[in-house]
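Below you'll find the structure I mean.
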Amino acid sequence: MDILVIHLFNALLYASVLFLIAGGLSLIYGVMRIVNLAHGNLYAFGAYVTAWVVGQALAGAHPVVLYLLLPVGAVAAALLGAILEPTLLRPFYRRAEEYQLLVTFGLLMILEDLMRFFWGPYPLTATSLFEKMGSLAIGESVYPRYNLLVIGIGVLAAAFLWAFVYKTRFGVVLRATSQDMRRASAMGVNVNRVYIQAFTIGCFMAGLGGAIVVPGQSAVLGMGVDALVLAFVVVVVGGLGSLEGALFGALIVGIVREFGVSVFPEVELAVLYLIAVVVLLVRPAGLFGRTA
Amino acid sequence: MNLLQTTRLTKRFGETRAVDSVDFGVNEGEVLALIGSNGAGKTSLVNVVSGLLRPDSGTIVFRGEDVTGLSVHDRIRAGIARSFQLVNLFDQLTLLDNVALSIFSREDLTRQLFALADHHRAVWEEAFEILRQFGLAISATQLAGGISQGERKLLDVAIAFALRPRLLFLDEPTSGVSTREKAPIMDVITAVVRLNKITAVIIEHDMDVVFRYSDRIVAMHQGSILASGTPDEIRRNEAVTTNLLGAAHA
Amino acid sequence: MKGPVTRRDLLAKLGVTAAATLGASAAGFGVAGIARAQEKPKGTIPDKPFRIGHMTFFTGPGAVLGEPMHKGNLLAAEEINAQGGLLGKRKIEILKADEAAGLDANVKEMRRLRLSEKIDMFMGITSSGNTPALGPAAEELKLLTIFIDGCTDNLFDKAVPNPRYIFRVTNIQSADGSTCALGVAQTWPDVKKVAHIHPDYAYGRNCFEHFSIVSKKLLPKAQNVSEAWPKLFSTDFTSHITKTLGAKPDLLVTSVWGGDYISFYKQALQHGLFDKMRVATTLALGVAPHAIGKDHPEGVLAGVHANYHFSYPPGNRWPLNKTFVEKYKAKFNEYPNFQAEGAYTATHILRTAVEKANKLAGGWPDDEAIISQIEGMMIAGPGGYVYIRPDNHQGYKDAITGFSKNVPEYPFPILDPARIITIPIRNITAPPGWPKGDPTSTYTWIDQTWPTVKQA
Amino acid sequence: MSTVPLTLRARSPMKALPWAVPVIVLLFALPQTIDPYKTILLTYGLVMGIAALGFNLLLGYTGLLSFGHSAYFGVGAYTVALMFKYFHVRSMELFLLGAILASLVVSALFGFVCVRYTRIFFGILTLALSQVLWSLAFKFYGITGGTDGLRVPTPTLLGLPLDTGGDKILFLARNYYYYVLGFFVACALVMWVVVNSPFGKALQAIRDNETRAEFVGIHIRRYRFVAFLVSGVFTGIAGALWVPLNGLTTPDILYWPFSGEIVFMTVLGGFRTFSGPIFGAVVFNYLKTSAVGFTTYWQALLGAILVFLVLALPAGIVGTVVQLFPLLKKRLAR
């Protein structure tokens, strides 16, 4: 029984991280119509930065301080995004999609090595954050409190994002731009600014995903590429460009994977991709997507 | 005899009825002008008949057969072709290719994977001949992307014409070109159409053009047919003069 | 062995002993040592450098194994070059190549090293997925090769059944699972329900298979209640841990290693896994001894790839190890793992072979001469005696495992010196001439020749 | 009428000969002059060239960017491996036959699903489908050997015994090189005919203007589907030819970054030209190999090259040359 609860928690844990990654990916696509293949690396980047900063501060810093350092990775990823968008991506909005995909693919390769260059080949950990919180008793089992924190952050992020997109003025501009970039700019929206903002937020989310994951696990090379493919599944299921979709997709993937691991290990991965395929067939634009 | 006949053909966009239960007929061999102010539903009607849009209700009968449900390429096979108001060309192919493609498709040669297109001599001869009829022969080997607007309008028609359709819709063949070019273009087009005895429906704003080139005129207004008749009858038609010509000339 | 046998008998027969005496299997072999003075070489020796292509993981998570391997190679090369090089003339030159470039690229790179960089020898390789591809490639290139790891049985069972140019120095992979199982059989004979978590690739599969077959013989009552196969280099084990807990086993067997293992044990701790079951690992302390924290529970059967942990053999009884660890620590400021030991030993195997061949014929020996010297060589390395079996070119050293213990001398757990378990390697690996089998020859050998113990 | 022959002669197949013939002659001569290693690299290049040709039928001629071509390459390769594992086949011809059939089936299956979409959706769908195959190859250890992959010994060519005395290097650098070259030339020829066939014209029409293509009577999905099949089979053939070079098939060639590499090499050469992808494949192969040998940061190096390429030479190497050619002529004329 308590095991079932824990399985559920795991699913939520996985889902909330996936949501952050996929949500960012989806937001960026929704506004800019760009699929950023390097998005997974921004997630990894967030993880590395947080792990590194925490590692630096570890010497004698007060635990609370350490927890406050958690989001640093997210901020770093956002900054990186704010640099990348105008320099690398902007030249491509008027070019064919294949070029956008390729340039982000190149970016993926570069970032992968840059992280190795800065932080070396060894995994980076920030486990102290994970351990300090200890575990919570659930029936006769125990569960890491930190994981619950991650779930909490995931939920909060979703709520914030929702409020941000649907309740703020900037959200209106954002949606207007994603509906029809030309009309928006005709109405005097500074599209370039919206783009850089959207991209930065997207990267922030990815970075946050990495930042909250790293204490419980660790930052390893290649984590970005793996994450990206799953994020794809999420956005395809939920619908490219839809945040609700990303949330929903993340939940589906989280649950399917969790029970896949225990129930059908051989096809655990295949099932995820097949879900994506089936959804694309039934609803090309995803379950929540606007039909393109 | 009646080549095309629509009955109570209807197409809605939200509340607005772009085409409002229209009974529209075209007779074998005539050159028919479809007139009406912007938003009168001319293009919508053509879009529905040519298969670009699905009708909400009503039927389209072509040569005694119901084509309402047919896909675009099947309508082409059946013999309904069209040109476009905003030119639709294959910009990265040469003019020759643009036209030849219609012929290949018409002759059902496009399913040949393992034979060189260039070996179909007859096709290229015909394509070139067509280009010549449309006065485009000189630029035959240029890319369609690189020619003047006037030439593009002609090529667009030439592509449709090369299908040797039984019924050819020409959607504002002279829109977007300077008034000086209008007449020459229309001369070429109508010359070709008449020479090849093709039944044609021309959507046109310019009344002088209309009266000069058409055997019969159908006037549309707010999605339905206002009047139909010879150029003289239309000239004399009250409803038309008040609703359209005035507007058009103002 | 016939008739009903008790577990104790069988364990004794297999020579599974706590805190064993050294070099049981050394008896009767001409033993070559490592650090001894250079004798004058016979004949004229060219002084052009001896180029070794060293391919291992310099990037990616595998680098935790790759880097030490390269360092072991470097250290040995330095010692040799300090004496003027091989035969006092030929300085060793090491060309690095990254194993992480992917199999396709690795095969290409090996060819490039040989055909266009003109290397004299090839060393390295970490992943057991790579040797089955590179072994044949090396044979094709007629390239003298000592694989350090990549220790899958598959290499000499199937990929290259009759090796000519390629050798391998670290223990064959099946020894890992078997050693782990024997350790369990000796320590926790009462286990009934066994759960498994293994990385989903060659090594994990191999450990699972050999643990299973050995426990079938020694722990017939034990049954497999749960299996989980996380992707290699994934650091999220939450689901797999939960699945394991759900099965309520009294023993967890895992071959998760490196950065993966660190994430694993941290997560397992927070899930209270170690309080609910005993844990037996094949590679916990093997990869980067210093990377494991003191929070790691004590008393875990902490495998070292059945090969080497720097704390054994203890320096007072085996000076070779003492000097090796000291030199290594001084140079790289970390403790050597089995990869470092393997690469270090392999380099000295080369040196010894070259010197012996030179003694016989004089001049610089050709590959054939070197090979025939390596075949059947018994050499004392930091980890004990290594014997290179002539039939399959596989290195054999007595298998070792032990229990994690925190001691004041080190900021990380080591193998409990009082409870080291050693097993003469030849007792747990298929003997020469045993027919190649599936999944491995050792597996079929154990299956067919070991008795099943009667419950005592 | 008189001008027709003119215009047609200006674009007749013969036009390709002046550069095609010397290239082929060169390819035949090369192994005699360069060392085995370089020849083997070239063999890799030609194999990937076939894959890139197939891929480019979709990208360059039909306007569909597939990010899942690793699937068909992998299917080709794994077919070979499984044919050996379960039926002990050794004949390269049988391998190729099997690979063609298998990749035909798979691309028919995937194509049926994919051709309904274009643009980014097509890309993601193809990617997702290829990932399905990858995860199966990865997980079904018993059949595919998981990450170990499957070994395949040297095959027999045209049923002949090896005349190189078991020297694999010599075999690869001589017999196999010419074998691959043969297939390469054949494939290039076939593809050249396909893109210059009426069918090929129809594809280009679809690429340029879907709506209008429909309005000259082309059944778009059907044509896309057939293009998808041809593309898949070509890539499958490449996959099969690749196996003897590597001696082993692993899930790496099914993982999506490998699809990325195929896109990379195609764009490197230039996907608007016929020969671009071939050229790109050969160059990319040298590029990656030397990059890996040159630095452990080879990945970043390749990435930088790719970004530069897309920024500065979107037309690719061949494409750029083709564009510059007339200019050069003018220069020389003055």
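To keep things simple, chains are lettered A, B, C and D as they appear, and every chain counts its residues starting from 1.
Note that contacts are C-beta pairs under 8 Å (C-beta built on N, C-alpha and C of every residue); 3 or more make two chains touch, one makes a residue touch a chain.
Quantities reported herein were computed from a predicted structural model and do not represent experimental measurements.
K.L.:
In contact with subunit A and with subunit B at once: which chains are those? Just list them.
P.N.:
Under the touch definition, subunit A and subunit B have D as mutual neighbours.
K.L.:
Any idea which chain sits dead centre by C-alpha averages?
P.N.:
Central chain: D.
K.L.:
Between C-D and A-D, flag the pair that has more C-beta pairs in contact.
P.N.:
Per the contact counts, A-D leads.
K.L.:
Distance between subunit A and subunit C based on Cα centroids, please, to the nearest Å.
P.N.:
So the centre of subunit A lies 39 Å away from the centre of subunit C.
K.L.:
Between subunit A and subunit D, what's the gap in Å when you average each chain's C-alpha atoms?
P.N.:
Distance between chain centres: 34 Å.
K.L.:
Where the centres are mean C-alpha positions, what is the separation of subunit B from subunit D, in Å?
P.N.:
42
K.L.:
Can you tell me which residues of subunit B touch two or more of the remaining chains?
P.N.:
Not one residue in subunit B touches at least two other chains.
K.L.:
By residue number and range, which residues of subunit D touch two or more other chains?
P.N.:
138-139
K.L.:
Which positions in subunit C are in touch with at least two other chains?
P.N.:
Those would be 58-59.
K.L.:
If you go through all the chains, which pairs of them touch?
P.N.:
A-C, A-D, B-D, C-D
K.L.:
Mind pulling up the subunit A residues that touch subunit C in the complex?
P.N.:
3, 6-7, 10, 13-14, 116, 120-123, 125, 127, 130-131, 134-135, 141-144, 146-147, 213, 216-218, 220-223, 226, 257-258, 261-262, 265
K.L.:
Which positions of subunit B touch subunit D when the two form their complex?
P.N.:
Its residues touching subunit D are 50, 52, 71-73, 76-77, 81-82, 84, 88-93, 96-97, 100-102, 104-106, 109-118, 120-121, 124-125, 128-129, 137, 140-141, 159-160, 163.
K.L.:
Would you tell me which residues of subunit C are touching subunit A in their complex?
P.N.:
57-61, 63-64, 66-67, 227-229, 231, 233-236, 238-240, 242-243, 245-246, 258-259, 262-263, 266-267, 269-272, 293, 295
K.L.:
Can you list the residues on subunit D that touch subunit A in the complex?
P.N.:
Residue positions touching the partner: 59, 65, 67, 113, 116-117, 119-121, 123-125, 127-129, 131-132, 135-136, 138-140, 256-257, 260, 263-264, 267, 271, 297, 299-300, 302-307, 310-311, 314.
K.L.:
Where on subunit A does subunit D make contact in their complex?
P.N.:
Listed in rising order, the residues are 33, 35, 37, 88, 91-92, 95, 97-99, 101-103, 105-110, 112-114, 116-117, 225, 229, 232-233, 236, 240, 265-270, 272-274, 276-277, 280-281, 284, 292.
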